[in-house]
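Next up: some structures, all given as structure tokens.
Next come two complexes built around chain A: one with chain B, the other with chain C.
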Partner chain A sequence: MVAVNPIRNAVLATPVIKPKLGRDDWIMRLFMAVIGLYLLISLALPLYAVLSKSFTVFQFSFGDISVQLQRDGHWQDAGTLEEWVGRLSQPVNNDLAPTSLTRLPILQTLTRRELQGVSQVRLRDTSETGGRLLYDAEFSKPGEIFTLEPRELRKLFVRPVATTGLNNYLVYFQTPALRQSIGNSLYIAVITTLITVALAFAYAYAITRSCMPFSGAFRTIAMVPILVPSLLPAISLVYLFGNQGLLKGLLLGEPIYGPLGIVIASVFFCFPHAMLIILVALSAADARLYEAAEVLRTPKSRVFWTVTVPGASYGVISAAFVVFSLTITDFGVPKVIGGQFNVLALDIYKQVVGQQNFEMGAVVSVILLLPAILAFAVDRFMQRRQVALLSARAVPLIPKPNRALDRALLIYCSVVALFILGLLAMSQLASLIQFWPYDLSFSLRHYDFGRMDGGGWDSYFNSIRLGLYTAVIGTLIVFLGAYMVEKCKGFSHGRAGFQFLAMMPMAIPGMVLGLAYVFFFNSPHNPLNFLYGTMAILVICTITHLYTVSHLTSLTALKQLDPEFEAVGASLKQPFYRTLSRVTTPICLPAIFDIFIYLFVNAMTTVSAVVFLYSPDTTLASVAMLNMDDAGDIAPAAAMGMMIFYTNVSARLAYLGISQLLFRSTQAWRKR
Partner chain B sequence: MKKLILPLLGLLAAGAVLTAVNAQAETQLTVYTAFEADQLQDYAERFNAAHPDIKIQWVRDSTGIITAKLLAEKDNPQADVIWGLAATSLLLMKGEGMLEPYAPKGLEKLDEKFRGDSNPPSWVGLDAWVASVCFNTVEAERLKLPQPTSWQDLTKPVYKGHVAMPNPNSSGTGFLDVSSWLQMFGEEKGWAFMDQLHENIAFYTHSGSKPCKDAARGEIPIGISFAYRAAQSKAEGAPLEIIIPSEGVGWDMEAAAIVKGTFNMDAAKTLMDWAISEDAMKMYNQNYAVVGITALSKPVKFFPEGISKAMIKNDFEWAAQNRKRILDEWQKRYDSKSEPKS
Partner chain C sequence: MNAVFETQAPISNETSSSADSARPVYLKVDGIVKQYGDFTALKAVSLEVYRSEFICFLGPSGCGKTTLLRAIAGLDIQTTGRIFQDGVDISALPPSERDFGIVFQSYALFPNLTVRRNVAFGLENRKLPRAEINRRVAELLETVGLSDHGNKYPSQISGGQQQRVALARALATSPGLLLLDEPLSALDAKVRLRLRHEIKELQRRLGVTTILVTHDQEEALAMADRVVVMNQGGIAQVGTPQQIYSAPTSAFVADFIGSMNFMEGTRLDRQRVQLGALELSCDNDGLTADGPVTVAIRPEDVMVQGAESGGVNTFQAEIRDLEFLGSFFHAKLSEPSLGRNVLRANFSANLVRRMNLQKGQRLTVALPQEHLRVYARQV
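Let's turn to the complex of A and B:
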């Protein structure tokens, strides 16, 4: 409230009196609790499932198996299997840690030498739960005895039992192939971040601070990578720089498969994110500072380093962390073009899909969470320290023409734009060629998705459904949640908790979230188990994955509104939802539309969050791309990528059209 | 408030309808499969011509993913029948006690190789899926590469950086190759062979068909893959020569099994009976040269000749039981070495 209220001040001086909670407050708290509960179930609990899975270890409990030997018709006790294992000269199972699927042939523990002259062996599972032994594909029951001739022992296996411990992590750090990925991932993420931020800074500088022509067009082109899955630039790079690549010579024999390809493709798909953030940071400039510098005859370069760069520094740092987490958590690019270069996100996929080692997948997930959470925390910290650059007296900076500089920037931006459009055009071209590179005639056969893996055209329409469901339901949930958090009175602990839950998805890699859903929702003990394998779980996962950015957009829009609206509404004895539906929502419509389109576009392109969750009825276009590339059908994969691109472009155009119509009626008040 | 609650309720109701199973008169069987995408419709139609009352709901994905899915669902299986999955994968499931033993009608007609060794068998084989090498003649000429004829040839220095093969950790074909080398050459010599081969490998792929498709595109001159994929690429016009290495080739079966605890046991048995019928065998024969009833195997276009003779004596039980150990060893040897050459 703007005006100082003398009565209120008097009240504040007396001991605290809690305002009486009206019906509205209770409804709002109830709403907040419901959405909070949604976030708890769709985010916190699945993550807990990953954590606990990563601590599930499998061990042989040899002590639970007793051995008896028959010699010359007499049975004699031969201790437990543990004692036998202790006498072995070499470690069992080649010293590898057992997983849930390890089966140890019993003959590895009972040496032939000791079985000399034995006519029969009797093995007993003495555990209370059973399942320590496996005979001809059947688990042993508690107390079950197997009496076998030595030659029949071939069919008997020892089965490990699940316990809790740190062993998975030990194995992880003792396996060079896995451990290496940490360094690889950091290496890729750091290099990509440096390159992307530098490129994006110059590009954003050209758009905001120069009189370069076509800056609007350049701005639009820079946004193109957001509209395609990250797999697409990687596929284009294969066509451009692979062994049959058009421009292979440019690489001077360096292979595109590996870090080089990953970095180039990552720069492509991270570029718009970094560019947008820096663009905003550079737009806010106070012309008076530059005038002062000019009056003081400060050299141009010094002005750049002492005024421009510090002014945008928070934006740059923020952009750096966004790029860092995008790169380190992305799995599509290294999957397509990584060659033998392993990264963390890819390891999760390999462990889970290739080796069915879910425990190790959980361990890698937890390790991948650390840098992502760190980047997130630093970013938050930086944003909190961001001070307002623009005071009320600031004068907007209007760039002055500088022919040489403008021309140089025009050339630079053209090169970047060419890179972006070139990668896109390459995929478009490749998808229209009959049989690259041996038959270069035109053909539409790669768009006949029914012939390939991945689910055919159905997957494309499923993706559109997913996009629409996610956008409609997600916008509703996110906006309402943000509204309750912003407008609810009191209840500060609840609001802080909700705010924390809403910020969390940003730090959780999509891959980890997806795997968490497998553990959590596929458990037969979970009453929500019926969701597994449905479109609903894909929608829930995607909304949760994209929650934070949408939440922040809503909050920003809502914070711009004067709280007087609610106060007036309340004093007129109007329930809050009437104010919400008649005043707040129409005013926030641009932001709501932004959220809608953000959710739609990202649901169309996401791979990592859904790759473990889709079912045959709910195959998705982006996952189909992955599977087609996996099977070697890279031209159809490029074709599917282009379909996603055109869909997203149409959605954006429709959004522009509709918003122009709508805003004319609801946003007229913004104009004078 | 109504304005908000109604759409919310509507959404919830829509969700409930989406997930509810429609009651239907005919029996629905959920069949998990790794059959190629383009075969599914044909297979279901052929089956329905004989049994119109049983409707198949396919759940298809690549071998690795379907296997992972089945294992992940082990406590709460969704599938009724598995029809068309690698025998080595089914053996994993057998090891988890997930399969219902059943002797389908006509079992005795199947070649011995295609029956599991327990009785009644937990699974039956349908057709063989044989490893082969795809050799791009155009690229080979450009690079002056002689045509290899054996696995040992592939370790020659001339092929350095010109061979691709599937990673056995993610691909069923890759595992089949590795397990066949270990069985053919013996453990020690098998690993020694792979050590040498590793020197020539340009990249390991995630899937089994990719090396051949990459060879077809000329991305790599030599791809270790399987015969069906090779024949298909050749039919599409790729300049490929399909090579059956002289030492013999590894193979796996596409197999079928009933998932324990299915509520549609009768329908599942009907499908199993049909899956090894002569009708079905002729159908598999359109795509695979070697099928379960060997007498029915007819040559398939572009399939290399003599492929059934080249198939090694494959011990599937051994392969399944040693799978984990082999894969760990493989990863230790080759995955950690595959650092970037920077």
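Let's turn to the complex of A and C:
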């Protein structure tokens, strides 16, 4: 259609009204810009640092080093070091790819045989940037000349220089031990996903769709794994099925160390996440569909497969991807119980902490990002579809009693609850026993953390500090950010960009974020370098790591408000912050509390995001668990895990108590 | 549909006090265009509102009436065009720098604040003494008849009461302009009737210039000094309720307001149209060319005469259907000479009884010349 639109032309002819921005608009945009900048610095730039690091290849640049030899008092040119290396019979550096830390003794290139009769050697760094040589722990300057006697040459090393290339990835895929981890990770993640989702579906079904007794208690028990670090179930499994395990016989000789242990422990810590998502999906049932099916005399099994399952399918798929992503990015479980079984997340840790090979750590991070981002994208897509499923006219479904089914589901849920509580109880027991399995008397000596590696009780209190800082600062940042994004007028590009940044952390595995911080904040050129090794960087990292879920919770709460509150406020000449503080915030208080407790609990249990970032002054409880387990102090590790558990339980109970008190005064309006 | 976009000067043949062209213009909307991407929600709308006037924007959903209101409030600023309030150009100002009070369809009452604090919201933070605020709130609550409910939360009072709280809150700051966005549509019929009256009463007492957006023609006709009928992003007609009802300038307005018979005919000359085999006298000055037209008459304007015939625009017709609707009967009349057209007529119960009208009966009807309206028809 090529119709001339007279209105369009009229628009072009008359000036377009450019809305004048009020003071409120400016303040809101400023706020959004500040929080956006925070996300940029704490997320986008560090991630870029990982990406660029993974493409940084270290190579010896022998051509930049010229050699002169002095024989009988005469200097003569002896070419560049490259020619010397070419004449060697053996590959330099044992044919290993150099890393940033590789230092090649110069004597490996200038062989003693060729130096016979030489009184002095002169080596010159001919590069423009310098740093090709290292003498006495100092880098060479551009053009610097070292004139040395042959015996002094052992103090001289060749340093590799950084270039950009795909070489790291080539090395990665050419190294079977590294490459294998991709398959291993996918294998573990897929198996865990299948088992967890199946278990969680039945469990959620029992809670929402049957008249099984104690459903409230089962619901609470299912949430227990959220309160402990993922290391804890793994430690419990070691006690149950390890070499000196209580129930080792049950495995018929199969070792728990390896895929079996990883899967069981992963199922434990992923279970609540999957259960919650499916629970929500199953709760959103429309009773009218079931009534229609009953009127049509549809058999029960057919109703299940044609109404129940399709209705919850988005929830199930979403849960599957969440579990997949949690499992593939977790490193605590394989660290404790993985044995020789390598997975991607563990490889990052091993490359960085074990081998100091930061470039390879970056490569594994980028590879780990791919499935995590994919899972995230699918999950977001599914969540969006789920929303549209239930219309406002739906009638909530109230389950009818069915004795046989209710009893079967009760037995099933009891078994799952026993599994969850059993693993928890095992850690509790192990931490209280004098010396497993030889001296089974009770003792509190494993709680005397001062005697172990890992930072002692300080690390526990550091964790509480981290939890509180993260919760207070994080809640403030996240809620204000969500408010600005939801209520700011115009500025659509800025808002879209902000929203993108806010959604990104969910797709970023904690290990990757932590490593990104190492690259970004530890760089001497970064003016924010002073943050490195402080509590502040741990708080920043944890807030960013947990940003998305909190952001979504805030958005959901804000979207439930009447969109005209701000318009009314403005028409009454009130600044936006007055409407925000007097109306919006009080109404959103329950959601704000939820965010607060979510941030606290997760800051207490997180390992992956902070494991690269703690310093001797800022050791954390969860990291202490890891280090104690590493040092063989498994019982103290379990004890620390239980301390985290009890702290989180107390926090939750305190939250319940405070919110009851507070809501009685601030939420009175909710009662009719 | 040929919608008329230009503002029409108020016709002052029916001298209602509000349509006095000498009155000062308080709000002037000049060529407002609002575009959302490729969609044009408002097509160069111009309008003048007089001081203390009660104006209704009336139209079907999607006609742009709420968009126009939000542009006036500054909530969704227009793409082009200017708005002047009390002589000041407010076209680009944010809502907080304009002078208006607003009541939304949802009321947007702050649920966590009591009725009293809702009303006081706009008064606080203005360096007014506490006692002064309390006095003003009490006065407003008195005005809307909610003095006893000041300490309740919005969820504890009825919909009609909530509506009045919203009104009191909007009036608290004594704004020069009161904007009401479908304020009655969430209420049930009886409450709506009562509040309609109350709001009109209040507006008259305070003399605040008011714009009400509604899709309910009855509401618009009952409350407004002048009605702005809108259609497809433009103004179809502006006039007093009586003008809009009795002299709709387009078939759209005629159809939208009240009910109307539309019959296909042909214009013969300035005084006559052909309808089937009948030739009717009517005033069709508005049209310039002969050709196909739509002839319209309201069902209640169809007259029944006795057995005598031969007056102007009279003819015989048969009652095809007679439907009892309480205070009146709805009849469908047909007559071969009318062609395919069926004529709908409302007869009072009294008339039906007196003349003993029955289905199948033939009677003489008249279409009074002054009530016939003729609109151009596209073929």
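To be clear about the criterion, the second predicted complex is superposed on the first by the 564 of 672 C-alpha atoms of A that agree within 3 Å, B and C clash if a C-alpha of one lies under 4 Å from a C-alpha of the other, contacts with A are read in each partner's own complex, and residues count from 1 in each chain.
FYI, a residue touches a chain if its C-beta (ideal position, glycine included) is under 8 Å from a C-beta of that chain, and two chains touch if they have at least 3 such contacts.
Note that the structure is predicted; figures quoted are calculated from it, not measured.
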| item | value |
| --- | --- |
| Chain B versus chain C as contact partner of A:Met452, first or second or both or neither | first |
| First, second, both or neither for A:Arg582, with chain B first and chain C second | second |
| Touched partner set for A:Asp25, first chain B, second chain C, both or neither | second |
| First, second, both or neither for A:Thr534, with chain B first and chain C second | first |
| Touching partner for A:Ala567 - first (chain B), second (chain C), both, neither | second |
| First, second, both or neither for A:Phe139, with chain B first and chain C second | first |
| Per-residue touch tally on chain A - higher for chain B or for chain C | B |
| Contact residues of chain A, present in both the chain B and the chain C interface | 575 |
| Residues on chain A engaged by chain C in the complex (per definition of touch) | 5, 7, 10-11, 14-25, 562, 564-565, 567-575, 578, 582-583, 586-587, 666-672 |
| Contact set on chain B toward chain A in their complex | 1, 3-4, 7-8, 11, 15, 18-19, 37-38, 58-62, 64-65, 67-68, 71-73, 75-76, 78, 92, 94-95, 97, 99, 118, 122, 138, 167, 169-171, 203-207, 209-214, 216-220, 236-239, 321, 323-325, 327-329, 331-332, 335-336, 338-342 |
| Touching residues on chain C, where the partner in the complex is chain A | 31, 33, 35, 40, 43-44, 73-75, 77-82, 91-98, 100-102, 104, 106, 108, 110-113, 121-122, 125-126, 153-156, 169-170, 172-173, 175 |
| Residues of chain A defined as touching chain B within the complex | 27, 93-94, 96, 99, 101-103, 105, 134, 136-139, 157, 175-177, 180, 184, 238, 242-244, 257-259, 335, 339-342, 350, 352-356, 358, 435-439, 450-456, 473, 476, 480, 518, 522-524, 529-531, 533-536, 575, 577, 581, 615-616, 627, 630-634 |
